[in-house]
Structures are given as structure tokens and as C-alpha cells.
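By written order: A, B, C and D. Residues from 1 in each chain.
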Amino acid sequence: MKTTILINCPDQSGIIYAVTGFIHSHGGNIIYLDQHVDKHSNVFFMRLESDFKDSTSLPAFKEAFNKELAETYDMEWNLYSDDAKPKMAIFVSKYNHCLYDLLSRYKSGELNVDIPFIISNHSTLGDIAQQFGIKFYHIPVTANTKDSAEKEQLRLLKEHQIDFVVLARYMQIVTNTLIEEYPNKIINIHHSFLPAFAGAKPYHAAFDRGVKIIGATSHYVTEDLDAGPIIEQDVTTVSHTHSIQDFIAKGRDLEKIVLSRAIKLHLKRKTMVYNNKTVIFA
Amino acid sequence: MKTTILINCPDQSGIIYAVTGFIHSHGGNIIYLDQHVDKHSNVFFMRLESDFKDSTSLPAFKEAFNKELAETYDMEWNLYSDDAKPKMAIFVSKYNHCLYDLLSRYKSGELNVDIPFIISNHSTLGDIAQQFGIKFYHIPVTANTKDSAEKEQLRLLKEHQIDFVVLARYMQIVTNTLIEEYPNKIINIHHSFLPAFAGAKPYHAAFDRGVKIIGATSHYVTEDLDAGPIIEQDVTTVSHTHSIQDFIAKGRDLEKIVLSRAIKLHLKRKTMVYNNKTVIFA
Amino acid sequence: MKTTILINCPDQSGIIYAVTGFIHSHGGNIIYLDQHVDKHSNVFFMRLESDFKDSTSLPAFKEAFNKELAETYDMEWNLYSDDAKPKMAIFVSKYNHCLYDLLSRYKSGELNVDIPFIISNHSTLGDIAQQFGIKFYHIPVTANTKDSAEKEQLRLLKEHQIDFVVLARYMQIVTNTLIEEYPNKIINIHHSFLPAFAGAKPYHAAFDRGVKIIGATSHYVTEDLDAGPIIEQDVTTVSHTHSIQDFIAKGRDLEKIVLSRAIKLHLKRKTMVYNNKTVIFA
Amino acid sequence: MKTTILINCPDQSGIIYAVTGFIHSHGGNIIYLDQHVDKHSNVFFMRLESDFKDSTSLPAFKEAFNKELAETYDMEWNLYSDDAKPKMAIFVSKYNHCLYDLLSRYKSGELNVDIPFIISNHSTLGDIAQQFGIKFYHIPVTANTKDSAEKEQLRLLKEHQIDFVVLARYMQIVTNTLIEEYPNKIINIHHSFLPAFAGAKPYHAAFDRGVKIIGATSHYVTEDLDAGPIIEQDVTTVSHTHSIQDFIAKGRDLEKIVLSRAIKLHLKRKTMVYNNKTVIFA
């Protein structure tokens, strides 16, 4: 049984030795270890891939870990079994490029997830959902219905036991109704190299400013719009010869790539969040 | 005699034909032509490299161009002889990496300029100036002496007939005293991918925000701090493993490269400014 | 009627003036002009986007152009009407990522083409063709049937009046049977930064060599394997932490992006081929 | 006393635990741990930064490590004290850009090394050495004198107790006379993205092939020309508008950056070599 353990705690001497010894003594073989210390905040981070021969021992392992290590070192930690296939919901609006990209990767087996459904505030992309055989819920959102719409979204997420949500160019602001239930579990793609051009119409703003580089940023959603912990960013060059339409077209490819990379990092448990920043064990 | 002509004017039909015909009929051979139309602003831009057999005819050419073309088409235009070697002044503060880089390029013959002097508000880099045999003026700047310091700077610029100024990590804000005299002729390097992290300490701000990409931007200086027309930008990746010191070290290489590229574009007359943006005929 | 004219000829003085004047005098308005001179080979290249008010005049225009310009300057040239939608055939084998990507772009309206059919030497991707409503021909290829298979392919290309062919990870070598009929009209994607790692299994070779960068290259197919004129290349970083499987996964995204960029350049008539190299008016 | 330990050995269960426990029990505090397993070759790699309060204990530590760990696990390993400043020799020919860059970084304190001398087969760059106050040995190399020249080079390297050698565009092939004495301690910069364009005149070859990307590669020198373990690579885009001279000019910046990055990785003991490949703990 392969597992991934994520740990963070105040830094002190001897943690690596203590944890590796503990896993060793419980029959685990450490395959990979990544470690980081944030010296500003004095926080220790570790990610361990370990193989346990006897998966039935994991509950006892967890209990012992809590007692013998987590309390001593004041750890937050999680153990994930690699055989659990996460459930991912996709929220979209009218743009189809990220949806096509995600569903193509899903169908190819590139993303090891279940996708129980797609939610949209428009009916536009229902055909694509159908083409790929995924359930599609059209939940319109207006200023007046926003609250009830989010409650309906939340009901669906709960009902299907969704593990994390991907906003694949979902052009609506998501509120605390959802964020609190899915902390660091809602992944957004924003079409600029944040913090430049947060908010609406970033390609137009980039064009007006005359930048020579445009970007895309995938981040976990927090209450502050486009200000959550950044998972992944990438950029591409532009010039005076490019119109706003060219910016948008070039940006589409960036958005697809950056979003899918962020999702893969999340799926492999390679992201840890602290102080509104991420540690990415890439 | 090789020349470079830069033209901008309201767009209309027939300009290319008119200009190429005019040059042709005055004994010029067009070697290279770059052209752009800003469809938003309806402005036409053109850059022509031409060879004239008889350099003595250039004054007559200019006069005729003004009468027969510039008035008709409402053109702003300039003709530069490629044998004129521009005079470049460098302003620095305490950081030496951009200065070392520029002087090395200068000594190697990579930059086809004269560098009559370096100005600094500190004496720190005087040794490097001396090492490369360039005159060094130490002009301290405080809140109280800023105005007189800039007047002294301007006096030196005028006295040496400086064509353009490079702020090679000059950590002072330059005011209209200089900007008005050198419009689109003062080139700054800012250590972020503008418009993100304008102002002071961008690497610290980038670190705090947890970005995965840092950048550098070279731009013409205008009254608005770090908001002038962008000439060149580049970026490099960072991760949680990098400290602020690492950001600064990685950024140094970006700054050197981006600044020198911008200077070369300026020297080759490949930059045109319009609406606070640049057309770069790269 | 918008048109694109591509010209190449031996370089000499006055061509730009002659061509722009000719278009002007035939009622054409030049919207964009790109020009290049290959000084090694002394070849002149030009691309003009022009607007003609009266499309019925184009045949006369072409005839006059041939007589008055093409002969004089020894030009090869072509005029394309922008309202003609090119017909593109796709050849695939078993890998689906490029096919998904192309068909998604096609369905989104991002690629302004018709796709009459997909050809494959395997039946694997027939389902995807069906999902997107495109005709799929399964033409098996073995050493013995290669010749007859290519003849069948050629028959289909002719029958459907295909303008150009995209090899979207078609794992077969294409012979002169096809190449001669479609010179500079067969676009391949190779999964390395050519000329490094030409031929089979480039990701394995890159892994064995321990490179820190992998790439993808799109080129026109010629008789020499992976040695045709390069249209577009891009790269991404790798490290010792990446397995061959990781190389392949990272490479997929490169391949998709690079191939689609090359197709777009071809569609916009921004590619010209000379001496086994390309001029790309990007 | 800060130290860096590098270990490689056949992979097996429990190594991390054994090593971290050993360091812990000898009064060392582990600050950073990087680890990698090459699953193809079944080799385990580890890099540890540790702090020992009592530096006088290091000889005993080393002896115990050898007995208790190195033999058991069949380890190759090294311990480096961070207070030892490595001695670096630079070999150059006539090109000055890498030399200027290295000496500027050295003078700025960016490279934590001593540079006892520069060797060149030409006298061209003697002035730069003098300008930066570094000893310069002019050792001409011809086909006939190559052997004696290398012996003289080796004598100087030994005399000055040089730790590693940087070939900063030294245009001569280095033979086993030097390589055997400095295995994985001679760092070269080659001006292409290897394995493309190995050997002489790579920019010319790249130009002829019509690539859209050029690169630079820094690697450890082995007997096989340009085929040693790659430390660092980077690339930049080119187009048909660039002449060979432009390739060379753009390449210079790549070469400088890539070489200096490789040197920094080497200095920080972040490089390990195995099977003609590198593990880079970046």
C-alpha cells in the first residue's frame, strides 16, 4: 500500500530522524522524502512517499503517529492512500477551452480522478459534457439567486462526496458558503500573471498597459478575490503586433496548461499551504 | 550612407507606396522595411533602413520629405544616420551588477555608444568607473538637495551633449526636471514584471505574495513612477525553496539582460512610443 | 475582399515600391506588409495583406501581376483569398492528445478549416473521431502494404481536395508518394528539439543523455526524416526527478501547443520556405 | 560549523533513517535534506546540510561514518565544510564575455571562491585579468606543444591547489592529462543545446538548420567531446530575421548565465554525477 504523508509543524532539531524512524519501525519503507523549512516563519514541511506492506495496519499507525509524534512536535499532518481516487467537480461558464482540455486529459487517463459532474451558470457547454459522458448541472446565477445557487452547488458537492473543485474559467465570484467547506480545495485559473491584473478583463488591461509578457495563474480560492495561494504560473511573450484577440488566443493555451499542472500537483499531494503561500514539492 | 527613418502618422491608404517611392526617387535603396498599424488608435508606424549613395543629399532629402510627405500625411518622423555614435550617460546608486554588465559590453564593442560619464548619488561604484576608465561624478541626493542635484545632473548632460540616459539601478526617483528634457530618452530597469510590484522592494513583495515567477522590466521613464512605456520584459521561475536573497540573486541576471536588450533596441532605433506603449520592431 | 500575397524573388532595389505601387494602382489597399531579405542567399521575401473593393477584378489583377511584375523580377508568388476555408486532413496513430487538442480547437472555431476526415493506421482513435463527428478512415500499414496504403491515402486526399495534411503523432514515415504531391503542405510534430534526437524514441534518448530541457518541433515533411523546414519549436525544463514517463507527459503538452501554433501560422499564410528553412512572418 | 554531506549508494530501505540518526547522535542538526532515487539504476542519492556545534569533532565523525555507515551501505560520500573557500582556475581563449561576467560576479562577492589565476592560449585577455587584479598565464597551444602546454597547466593547477577549473569559452580540447586529475571538476560552457550541434561552430550549424531556438549547455568535461554530464541548459528564441552574428550575440548572454549558474551549483555542492548524468539538488 503506497501512501503519501504531509506534515507541517514548528521547526526544531530532530524531526526528520524522528519521523523516518517512526515509519521504519512500523514496517514502512520510505520511497521519497521532500523537506522544506520556511526560515521566516520557522515552519517545517515534509512530504513522504512510503510503502506499507500491510495496509490493515494503517489505522493503528495513524493513532500511534498522533500520540507519539503529532502531539510532541505540534504537527498538522495527513496520510493519503494512493489507491483512493479523488472526486473532482468542474465549474464552468461559457468558455470551453479549459473544459475541453480537462475532459480530454481525463478520458486519456492522464488525470487520475472521478468527475461526477460539471456545474455551469450557463447551458452553453452542456453539449461538451454530454459528448464526454459527464453529468451537467445548469444552475443560473444572478445577483438575486446567488445565495440559493451556491447552496444548491454545495448540496451537489456534498451529495457526490466531492474532494475538490476546479473553476475552469467559471466567471463568477465564489463566496464563503463554498470556500469554508472546501479550504484549499477550490482551484481557480486566472488569466494573468498575478498579482498583476487581478479582477475582470485582465487581457484588456494587459493590452492597455503595453506589457511584453502575459501570463496565467492557478491558485487556491480564498475570500480575497484572485489573492489566494499561488500553485502555478506561466507566461508567454506578446508584442505590439498582437491585438486583444491575439492576447486572448495565446492566453487560452497558457490557461489550459497552467490549470492542468496545478490540478496534477494537487492530485499528487505535492502542494502544502501556509501563510497564504504554497510549498510545491515538484 | 546608411540611415534609419522612423515615421508615425494617422493611418490611411497609400502611405507605404508614397514613402517607398519618395525614397526611391531620391536615390535611396530600401534595405529593410517594418510597418505596423495600431487599429485601436488608427496610427500608422514605419521603420525603414535605407542606403543613400550620396550623403550630401540628405539635407535636401529631409527638406523635401517635410514638404512633400510629412505635411500631407501629418507625419512625425526622424532620420538617423547610422554613423552617428550616440552618447549615453549612466546613473547608478550602490548596486554594481548592471554597471559591470554595461561597461563589459561597452568595452567588448557590443554597445556602439560613447559613455562620457557615470553619475551616482553614492561614491561606492567610483572604483568600477575608474577600472573601466570612465569619468565618475558623485552627486549626493537628499530630500533637501534633490532639486539642485538634478540641476547639476542636467548641466552635465547638456555639457556632454548626452543623447540618452540609462538608470542602471539608480535608486532615486527622477523628476520632470530631467524627464521633460529627455522624453523617451531615459531608460530604467525595474526589478519586477510590471505592473506587478511597482515601487520599492519588489523582490520582498514578490516573496511575500508567494509568486512562482519573478521578472524585470525596462521602460522609458515618465512622470508616473514605474508606469512608462515598456520596452522589454523577461521572467524566471522561483519556488518556495528560494529565499528573498535568492530572489535578488536570480533577479540580478534578469535585470542585466533585460536592461541591455532595451538599450540595444533603443540604439538600433527599433523603439517607437505612442499612447504610453511601445512599438518594438525586433 | 481581403487577400494575402506571398512573394519571393532575387533581391534587388525597388521591389517594395514596384509591388506597393502596382497594388495601389489596381484598387488595392495594403493593410499589412512584412518583408525580409536573406542576405546569404540574396533572396527577397514579402507578405502583403491587401483589401480589394472589387473581387471580380482579381483574375485580371493576377494576369497583370504575372506580366508586369513576376517576369521582371523573377518572382514566385501566390495570392490567397481570405474567404477560402482550407481543407485539412489529420493522420494519427494511437496517441490521442494531439487529436483531442486539434478537434477541440476546431470545434471552438479557433482553427478556420474544414476537416473532411481523419486517417489512421490503427482503429484506436475512431471513437474520438466519432465523438467529434469527423469521418475516420482506418488504413492499416505494414511493410508489405505501405505502398498500397499510401496510394489509398493519396486517393482520399485528392477526392476530398485536401489542401494540407497534419501528422498529429502519426508514427509512420511518409514517403515521396505523398510528399511530392503536397510539398510544404504536410506538417509534422516531432517530440524533440530538433536536430537533437531525430528518429524514434526521442524522450528515451533525452532521458539517457540527461538533458535539462526537452522540446518539440513542428516542421514541413521532406524526404529526409525529421529534417524538413522547421516552423515552430518550444521547450520545457526537466530534471533528474523526472522519469521517462514524466518526460512523455510533459512533452505531450509541448507537442499540442507547438503543433497547433504551426498549423495556425500555415493557415494565416505566414510561412514561406526557402533552402529548407522557413521565413515566419509572426 | 556548517557542513554539506553528499552520499550515493545502492538503494535499500532505511538509509535516510540510518543517516539522519547517525548525524543526530553525533551532535549534528540537519538543516536541509534532499534525496533522490534513480529507479533505473537503483541508486540512492542524498545531500544534507547539517550544523555541528563542535567542529573539532569532525575527524572523529568522518571516521565513525566510514565504519558504521559507508561500509554497511556501500556508500561513496563526502563531507564539505562550508567555511572552506574553493580555489577556481579559469581557462579562456579570445572571447571575453564569459570572463568579464565571471570576474564581475567574483568582485561583487557573488561567487564565494578564490581565483588564483587565469590561463589562456592567447594573450588577448591579459588586460582584463590585469584590470581585475588576477594573475594571467599565457600558455600558447599548438598541435606540437599541446602536450607540454597541458603539463604546464597541470603544474600550475597543482601548485596553486586548484579545486576546480572553468573553461570560459576556452576553444581547445582538453585531454585526459587534465581530466583524469580533475574528474567532474572541469566545467565547460558549450554554445548549443546539447546534444544538438556538438563540436565546432554550433551557431553556424544552428543557423544553417533554421532552428527557432538556440541554447547553451554547461557540463563536466569528459573524454568524449561535448558529451559529459550536463549541469545546466537554457535556450532563447531566434527567427529568420536573425543573422549568424545575431545568433552569436544572443548566445553570449545565454553562455554567461548558464555557465555562472553551473558554477554556483557546483560551489554549493548541489551536483552529483552518476552514469554520465547529473543529479542537481536545485
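Remarks
Everything that follows uses one rule, which is that a contact is a pair of C-beta atoms (placed from the backbone, for glycine too) under 8 Å apart; a residue touches a chain by one contact, two chains touch by 3 or more.
Treat the numbers as computed from the prediction; the structure is a model and nothing was measured.
Here the chain-to-chain distance from chain B to chain D, counted in touching steps, is 1. Among the other chains, A has the CA centre that is most remote from the centre of chain B. Chain centres here are Cα averages; for chain B and chain C they lie 37 Å apart.
Chain A and chain B have Cα centroids lying 41 Å from one another.
In chain C, the positions touching at least two other chains are 241, 282.
Across the complex, chain C is touched by residues 96-97, 100-101, 104, 107-108, 110, 131-132, 241, 249, 252-253, 257, 260, 282 of chain A.
Chain C makes touch with chain D in their complex at residues 36, 38-39, 193-197, 209-213, 215, 229-235, 239-241, 243, 276-280, 282.
Interface residues of chain A, counted against chain D in their complex, comprise 13-14, 16-17, 20-21, 23-24, 29-35, 37.
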